[in-house]
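For reference, the structure is listed below as structure tokens.
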Amino acid sequence: MNRLQVELPGLTLKNPIMPASGCFGFGREFSKLYDIGQLGAIMIKAATLEPRFGNPTPRVAETPGGMLNAIGLQNPGVEKIMAEELPWLQQFDVPIIANIAGSTVEDYVSVAEKISAAPNVHALELNISCPNVKTGGIAFGTDATTAMELTRKVKAASAVPVYVKLSPNVTDIVEIAKAVEMGGADGITMINTLLGMRIDLQSGEPLLANRTGGLSGPAIKPVAIRMVYEVSRNVSIPIIGMGGVASAEDALEFLYAGASAVAVGTQNFVDPFACPSIIEELPRLLDRLGLSTVKECIGRSWKSNEPIAHHCP
Amino acid sequence: MAIIKDICTVIRVKKIADSIFEMVLEGRIADEVENPGQFIHIRVTEGNAPLLRRPVSIAAVDKKNHRLTIIFRSGGQGTLLLSRKVPGETLDILGPLGNGFPVDKVDSGGTAILAGGGIGVPPLYGLGLKLREQGVKVISVLGFQTAESVFYQDEFASLGETYIATVDGTSGTKGFVTDVLNERGFEADILYTCGPLPMLRALEAGDYARETYLSMEERMGCGIGACFACVCRKKDDPNGHSYKKVCSDGPVFKAGEVLI
Amino acid sequence: MNRLQVELPGLTLKNPIMPASGCFGFGREFSKLYDIGQLGAIMIKAATLEPRFGNPTPRVAETPGGMLNAIGLQNPGVEKIMAEELPWLQQFDVPIIANIAGSTVEDYVSVAEKISAAPNVHALELNISCPNVKTGGIAFGTDATTAMELTRKVKAASAVPVYVKLSPNVTDIVEIAKAVEMGGADGITMINTLLGMRIDLQSGEPLLANRTGGLSGPAIKPVAIRMVYEVSRNVSIPIIGMGGVASAEDALEFLYAGASAVAVGTQNFVDPFACPSIIEELPRLLDRLGLSTVKECIGRSWKSNEPIAHHCP
Amino acid sequence: MAIIKDICTVIRVKKIADSIFEMVLEGRIADEVENPGQFIHIRVTEGNAPLLRRPVSIAAVDKKNHRLTIIFRSGGQGTLLLSRKVPGETLDILGPLGNGFPVDKVDSGGTAILAGGGIGVPPLYGLGLKLREQGVKVISVLGFQTAESVFYQDEFASLGETYIATVDGTSGTKGFVTDVLNERGFEADILYTCGPLPMLRALEAGDYARETYLSMEERMGCGIGACFACVCRKKDDPNGHSYKKVCSDGPVFKAGEVLI
């Protein structure tokens, strides 16, 4: 028995560790550093219908314990990803989770239809943090009804299970989670980045050309853990947790909170060997804590079913 | 030659000008260096303050002793910590990264201009060493803010004619690297440059050699081509989807290749 | 002319630096370390109608670049604060901003009425992050209408200007800010803490007895800056900014973002001399950047009036 | 005597047992120490990883040389960094904090039991020194996990009778501090204790001396009484609003005063 194995809709993971979308490209660069076949899965960079150049630079800025990014979904478009990237990835025995993004519901549906047909795409990750052009740029993921509708349509178009990636920039993440579950989501991935900004004192202007960006890295881990804990107690679909994972201990904290697997984003930049290191360390950590399998860690922190008494700071 | 991550040992740290430090590192990364102009990505601390690695050019490599020299300005949080390292301490380094300067574009007996500005000067030193080795005549034109920030003047002088420009005129010509170039009107086969954007733009616009190669800087995430933080547009497709990544396609580009 | 001086409704600040509520008690402890009369103002610990013991311990936990707290509004109640703490504070020539909290609208109104009558209370800070018992614990500050109504009632009851302290745990902070402005707020203070959690791997349970807590410290600064930037461009009342301020540079970043003054919370624990140090450093920083007054820094980062193109991560 | 913040110099760091380090610090804080059992709040790094200070008891004070000794277990991020400090490095320290043990509750010629568990042992050493100075007979009963984690046995032995208990029986009595106390049945005027909660509870419940004082631990924010992180309830008002702050009202309380 493989004590690290986890079974999720569409995905048999040899271990619960995978790189997060946008932090691993399509795997080519990391494949030169280590065997990416050892990963639990790979969440590839967002695919949109048309190629996108993304935002002007600077696109990244450092913050205390974290970083901001405003890459702006740069990608070669779904056609090219299917023609060049996915076939290349077939040489590795690792399930691909294809992150999809768009500006309209039709975009998403179209990308989902196409990319879910690729043989090594085992699941979709629906990035609902994107601004919806039809509603003046309000993100799909910040309104429960919109999120549910989008999920329903993408689910109908997809040949593989659909995981919806939640935005943390909402008042009530449980409401959104329940809505996407109702919309037919097979799983949830969370969290995407928190909206943030840094201002450069020399120029007096926002450091990122796009002004705002997404905050990721260790700084956001407590927010992610809180959200995974709350959502996992309120939906019955599995969660792939992420947000600041830098070590096997962090990964375990997400499992305890209620995630069934864990994605590593920013830490791939800090240490390009982060994923294999965590995979290597996990069994040792389980031993140290007297645990036998990853599965028994999932949701271990749920003390009771009592609702959370929110703190008044 | 491969990108590796290695724990390198700090051999020496020396302040060589106002806020400018020279550091010698020992580790396997030196063995992998192919071209001058490549860079390393340094994790300056084990913890996460600061979180990201810092990209710094390789100024010189000593393959026999597995050593690298870097020269950096101590300004922000990361480079400040770096400047405080003492011999014997170790650093987690990823590299060598990027493609560096093409050294085969100029024949033995030809002339190359090295035009460096401030903290863009370091990679040109390793380049000059290599070009001299190949029998290329090297003319160095180095720009700084002020006399206190000038460094490596003697090292460059040992490679060939060397001119200094300072913004305030406290050393060499008063003004910019381009003032020296315009004044002197060197004949050169090739110009290599690294420095602030306005300087790169001026050198690209001017006609100082038959070919020009520029080394670019951009804020980076991964440093290896995976995160799309460091892209620049291609000059022939200014509004399209074409791009180059400074970290993995660059940092050196042929003048005219990318939009600067 | 005092180059650090800032004028705000009800408040003439000799400098823009003040301790944030809950991070300075009522000043007694810090007064033993330095002359607290040099502070721009003091935001005192939350006052509730009745005394509160607060949450069980552990009440604090450390996180990367930040901390979680679930103090639970421990305070001796408004009567005792007025009898014992405010009179003691009168010896210092420093305006007091009284933070008020409650579980019902009536609570808030009653505390506002009482405490605003104290001679050295120059403004109220209305903490709307508290759970509203009438709506099953949903925080007042997460719904625009509720926030507006609460503001209106407190404003009517208060003898001094009312600053509303916004919760960052919302989808659209600009909407809430506009609502409280409409409700008659004289100013805004922001941000309160982000909801977070940490799980202890040894016990397998949340580290805080209250499970969730409020995230503060440098980790949240980019989120705070983004919110201050967005809100300041959309309301015409002034903002006192906070969230991760640890240095004069951080304070200036908030001013650039659009705040008119800055509060220091968590950093008081890291360095109890944080406030006086920042006050001392500010003029030097202005000099270094070639600026003459604090006033000219406010909102300096606003490049243009174009709305923010939100990033799709 | 005042609370001050001072930059103290590390004089010595020594591993004295498994994961246990003894550190000697020099600085003005030593001059302000009033009672054994007071603690200091240490900023282990300039940056913010980790962010918060770490509370550590003062194990001994040498006023003449302005020195403090602390003894700590290196476990988490902060204490690990602390254990790696080398002589000459400096630390930003706030202190002395808290009230410490009352040493005037027992007369010269009287008998005091010092009951320490694990990392609760250090403050009892300074207390023992002080009590001996005052002519009090000191009996020390110290509990540890295992022989490898025992420290300061000789130091305590020089103060008076000293008994060791280890959970696994590899040194001294097998079991807990209370097993030694029950077995020996000492007659004592006063018992001072510091250690894990279950031990404090057992000592409070037992009847080992006429008076008992316990030193408490709680997670802290400010360390000076301003943030309400470290409160505990008063025993006579278990559901009310009464409280004591461990940092400023404690860390030492009379048995029965607070709910443990």
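Here are a few things to note about the model shown:
As written, the chain order gives the labels A, B, C and D, with residue 1 at the start of each chain.
By our rule, a residue touches a chain if its C-beta (ideal position, glycine included) is under 8 Å from a C-beta of that chain, and two chains touch if they have at least 3 such contacts.
Predicted, not measured: the structure shown is a model, and the values here were computed from it.
In this structure, the chain pairs B-C and A-B differ in their number of contacting C-beta pairs, and the larger number is found at A-B. With centres set at the average Cα position, the gap from chain B to chain D is 55 Å.
For the pair chain B and chain C, the distance between mean C-alpha positions equals 46 Å. The distance from the centre of chain A to the centre of chain C, with each centre set as the mean of the Cα atoms, comes to 32 Å. Centre-to-centre spacing of chain A and chain B amounts to 36 Å, using the average Cα coordinate of each chain. Contact with two or more other chains is made by residues 48-50 of chain D. Chain C has residues 22, 64-66, 69, 71, 217-218 in contact with two or more other chains.
Shown here, the protein chains touch in all possible pairs.
For chain C in complex with chain B, the touching residues are 64-65.
On the chain A side of its complex with chain B, the touching residues are 22-25, 28-30, 32-33, 45, 51-54, 57-62, 64-67, 69, 71, 74, 76-77, 217-218, 246, 266, 268-273.
The touching residues of chain D, when paired with chain C in their complex, are 2-3, 5, 43, 48-53, 92, 94, 218-233, 240-241, 243, 248. Listed in rising order, the residues of chain D touching chain B in the complex are 45, 47-50, 77. For chain A in complex with chain C, the touching residues are 22, 55, 63-66, 68-73, 101, 127, 129-131, 137, 139, 142, 169-172, 192-199, 201-202, 204-206, 210-215, 217-223, 225-226, 229, 244, 249, 252-253, 256-257, 289, 300-301, 303, 307-313.
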